[in-house]
Amino acid sequence: MAGNFRRNKKKPEAIENTGFSSLSNTEGSRLINKDGSANLRKTGMPFLDRISLFHTLIHMKWPKFLLIVFLFYTAINSVFALVYVIIGVDHLKGVSVEAESLLNGFEQAFFFSSQTLTTVGYGHITPLGLTANIAAAIESFVGILSFAMMTGLLYGRFSLPKAYIKFSENILVAPHKGYRALMIRLASYKNNHITDVEAKMTMAMHYMDNGKEVTRFYTPKLEIEKITSLALSWTLVHLIDEDSPLFEMGLEELKQADIEIMYHIKGFDDHFSNIVQQRTSYTANEIVYGAKFLPAFHRSEDGSTTVLELDKLNLHEPAKVPEPNESFINS
Amino acid sequence: MAGNFRRNKKKPEAIENTGFSSLSNTEGSRLINKDGSANLRKTGMPFLDRISLFHTLIHMKWPKFLLIVFLFYTAINSVFALVYVIIGVDHLKGVSVEAESLLNGFEQAFFFSSQTLTTVGYGHITPLGLTANIAAAIESFVGILSFAMMTGLLYGRFSLPKAYIKFSENILVAPHKGYRALMIRLASYKNNHITDVEAKMTMAMHYMDNGKEVTRFYTPKLEIEKITSLALSWTLVHLIDEDSPLFEMGLEELKQADIEIMYHIKGFDDHFSNIVQQRTSYTANEIVYGAKFLPAFHRSEDGSTTVLELDKLNLHEPAKVPEPNESFINS
Amino acid sequence: MAGNFRRNKKKPEAIENTGFSSLSNTEGSRLINKDGSANLRKTGMPFLDRISLFHTLIHMKWPKFLLIVFLFYTAINSVFALVYVIIGVDHLKGVSVEAESLLNGFEQAFFFSSQTLTTVGYGHITPLGLTANIAAAIESFVGILSFAMMTGLLYGRFSLPKAYIKFSENILVAPHKGYRALMIRLASYKNNHITDVEAKMTMAMHYMDNGKEVTRFYTPKLEIEKITSLALSWTLVHLIDEDSPLFEMGLEELKQADIEIMYHIKGFDDHFSNIVQQRTSYTANEIVYGAKFLPAFHRSEDGSTTVLELDKLNLHEPAKVPEPNESFINS
Amino acid sequence: MAGNFRRNKKKPEAIENTGFSSLSNTEGSRLINKDGSANLRKTGMPFLDRISLFHTLIHMKWPKFLLIVFLFYTAINSVFALVYVIIGVDHLKGVSVEAESLLNGFEQAFFFSSQTLTTVGYGHITPLGLTANIAAAIESFVGILSFAMMTGLLYGRFSLPKAYIKFSENILVAPHKGYRALMIRLASYKNNHITDVEAKMTMAMHYMDNGKEVTRFYTPKLEIEKITSLALSWTLVHLIDEDSPLFEMGLEELKQADIEIMYHIKGFDDHFSNIVQQRTSYTANEIVYGAKFLPAFHRSEDGSTTVLELDKLNLHEPAKVPEPNESFINS
């Protein structure tokens, strides 16, 4: 719900090129989901035009993907088995005499079909006559096309550039340089290496303007916006000083404003030799007010290497922060 | 047809680095087609040198592509079937006795050929003797090469970075800030996400210069040229103020000048983790003079998400605009 | 041969970051070959470490590539055929009785081998006993590995981003703006579209410095260095004015200095959605002194499109140019 | 061990955006390994989440990779052979009578399994009955999936953009312009061509600050940071003048400070049409104090080309250098 808080109206200017609308059409809902996708639905075009089948299959989790592939294989097999049954199983030489029952006929046709589709072609069952031969020729062609697609899909899944970045679950309001600061922490969690990493922060706040609820966007400054190499963990720090749009806001005001804080990380990954990127967002209920991160790495026991503890990425302890609109220095 | 209209000669300077010629050699014809390709034909080199077969097959529509692939499969099959017929079907062991007629021989050779090409190899028909064996060995090799190519083509089709951007069918002359403005609207229509999106606008006008028809190019300024994220729809706005080459032109003058307005969109797509781009162009008869776009998105019924209606991308209603060469403000 | 010409010593400064050496170690030989590769040999490492097999196969011309692939297929087939002969053709069930002669035995083993390698596996010949079965199991595995490699190679050949750019064979010294200018012309010759195209020019000259032959590098200015779109042909123009290192040099001096003029073109190709680049170089004997290019495109007969004539890219006619060290203006 | 040396405290400012920690947690150990990977271990997540299997297999050396692939093939074969043995080898028609012994039964099942997995399918052994047929249908499907993965892995191995850059084994402290300079030399060792090459240098030094060991990072200036083309060898030169953090340090001080000097090379490779990059690092014991590189290339005997000798990349001879904190000029 949009609040009525005192806002630092002068300095931080709202921006307009975020790609989101300033018409506040979301109530308590977020713009960016936790996994970085936009909280958005598209209509007005046929489903297949609106969806990229290839990329949907590529971004799917493995078990679901393998299940779909297996069902697809079974379905094609069954369709062709049906075709052979319609043509007549007597046109499949080698089918055993028991094939008199329809079920047994379908069963044997199904296995012949799978032998044709995968191009195993043992040859103890073979097509007989023009129609059966045409069906088999088409099926083996379909098989090869399908498995060519499979190869593409599997390679696509493996090779798609992806930022393996883990974010802290919470966003902290921590004491920093006599002020408060917004802090999150992130690390790459695979055996990859990301260089020339850039971070961008965008903030959305909802409030009432002449009785209408509107959304304003800000791009608050980060203390360090670019690092050469993301080897260890990286803490993104936005100092809430006089220039910050949050300078006069406490926890209550942040909640009232339905604040959403979005991060966009971009870098060059040497696994893929490509640019990778990841987004995430935090809403008001993910803020831990008055806390600071604890170290997430230590020296290895033999002293020869550094150990990064990914399960400690969110580890923090309480810490006293100044009141909104003031700093330790002048307090 | 190039007009003789009053032109704001001082301020907007024509540019020369568009890659197009200023020798007006097109009469009523466009430089960029609606789908973004250049309206250009190349000669003076052999067809196969001038065309990239791979990319032609990759950019082809699916039905045409699958048809070509199927015809190719049938053609290779037939060629080898012919080879076996020439060698003699008696060198294919297992061919049934009826194969005495030439047609039936070709038929059986054709199916043996398809079994060899797809490497099904049931084995009820097998090559006999040196020549038939060599032919079969070559065919299975050709088969594997062809299907390796197929894999490449299919993966190429799926993975080629492509901007799934839909443009409004019309370009509007809309009222904006007391002036007129050229506006188009665009949105990405798949389940992808494009970030760091840039738009460039180029305008071509034809007019008479000392009795010779020439083309002049302009790169008019867009109010917002870059957005962080193309989540919702984006309206590209060129304000027709005193600095615009169109300031003194009304609808008639735009038509007389055979105006062509080209847009080039470029961004980073997270589906492909690659830069994607798309071009389009509008000619004078696609201008709707005096109109403004209506919203193309709304809040979902449960309030949890935003719904983008792609079929409303071109939705507009009439709107009064100032006369050319003036603004609401000074009128 | 390095000349002793008058050189404009003050203004154009030689540069040092070309990646080439300023120790003149080439006499009459070029730095960059016509096809854009460096004229360079590497030693001191084993051949296979120095060569990228994959990329060599990918950049090879098609006939040579297909020949190598076919020879490779025949070679593997033969090796396994030999293995089966050593094991004994009597371990291949189905081999006909004539296989008593060694040659005929090898022949039949060869065809069994090819049926196994391509996984056709008709089954009229089958392995018998442990050794033959192991050999066959390994061969079919090798076969599948080889054809997986083949798929990769073919896809690599098709999808490798490549700039399809044709250059004029000659570099002209043409009259331009009252001065002389170095001009070449280029065009993309496939059905692709290159955008945001940049050109860079580097010039190498050899001359005597205290009795030692040295090479100096220059990056002369181009009138237009970047175009939005390479739709038609593009003429690269370096104006030889007072700021040019060539201002005082005529044809004889250019030849004496063993001048080499290198061009590097880079752009974003929408076929590949990737950056493509191409280099070329011109030596003194490719200069046409006193000439200008003739148009290489015209309007199509029906007036609906532009026709680019790739065979006219080098078309030029003689044209009078000013003397070195002067301009039409002050002459 | 962190030293207590005199440090030029004013000028060169330590930087904080390296992605490494300034808490000195390494004693005698390096941050970047010789091969460019970070000397870092990650914990706190399951192994499979922390590792990218695909990229591990892709970056593996060939013999190890092929061994793993072969073991994988044998393992799957064996698993299915076991399945057939459990179902009963009497459900494999064509298995010879000797199959009475369990071992021989497994052996024959194993070969049937391999014929199914690779889709050779000779057909002299065929599945009989529902269970065996289902197992065979699944196995041929698994086979095709596996070989699709294999294709992806092989293509991934071949096509992954990689900088083929060789560095000199040593880093030299050489005389240069009256000062000392840090120099390394590098060259690309394959038949590729890297353009627009950039080099970045980062230096880590450990020293005692109020009894606590800390690490400071510097990005010393390189004389030439970018070259147009990496054709020959390239010597990276950091001049140790008054602005250098090393100006007051001799060999002993460098060792005491546990200095680590890291280089990051990035360029556009025309083999891959992609950006490639490589890192390396040198520690104190790889410094050769007082030496200079000898040329690593010469003119070919016929004078037509340049020969780059990769085995001479580290070739150097002793050379007198000025004392720390002074220069030849003022000495």
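All chains are identified by letter, namely A, B, C and D, in their written order; residue positions are counted from 1 within each chain.
Just so it is clear, a residue touches a chain if its C-beta (ideal position, glycine included) is under 8 Å from a C-beta of that chain, and two chains touch if they have at least 3 such contacts.
Owing to the predicted nature of the structure, the values given are computational and were not obtained by experimental measurement.
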Where chain A and chain D overlap in contact partners, by chain label: B, C
Far-end chain from chain C, centres as C-alpha averages: A
Fraction-based call for chain C against chain B, same above half, different below: different
Counterpart interface for C-D, drawn from B-D, A-C or A-D and sharing over half of its contact pairs: A-D
Angle of the C-alpha superposing rotation, chain A to chain B, to the nearest 5 degrees: 90
Chain B-chain C separation of Cα centroids, rounded to whole Å: 28
Approximate Å spacing (C-alpha centroids) for the pair chain B, chain D: 40
Touching two or more other chains - residues of chain C: 115, 119-123, 151, 155, 274
For the chain D and chain A complex, residues of the former touching the latter: 16-21, 23, 25-29, 31, 37-45, 49-52, 54-56, 93, 115-116, 119-123, 126-127, 130, 133, 136-137, 140-141, 143-145, 148-149, 151-153, 155-156, 160-162, 200, 202, 264, 272, 274-277
Touching residues (chain side chain A, partner chain C) in the complex: 119, 121-123, 151
Footprint of chain D on chain A - complex, ascending: 69-70, 73, 77, 107, 111, 114-115, 118-124, 147, 150-151, 154-155, 158-159, 164, 166, 189-193, 195, 197, 224, 226-232, 234, 268, 270-271, 273-274, 295, 297-300, 303-313
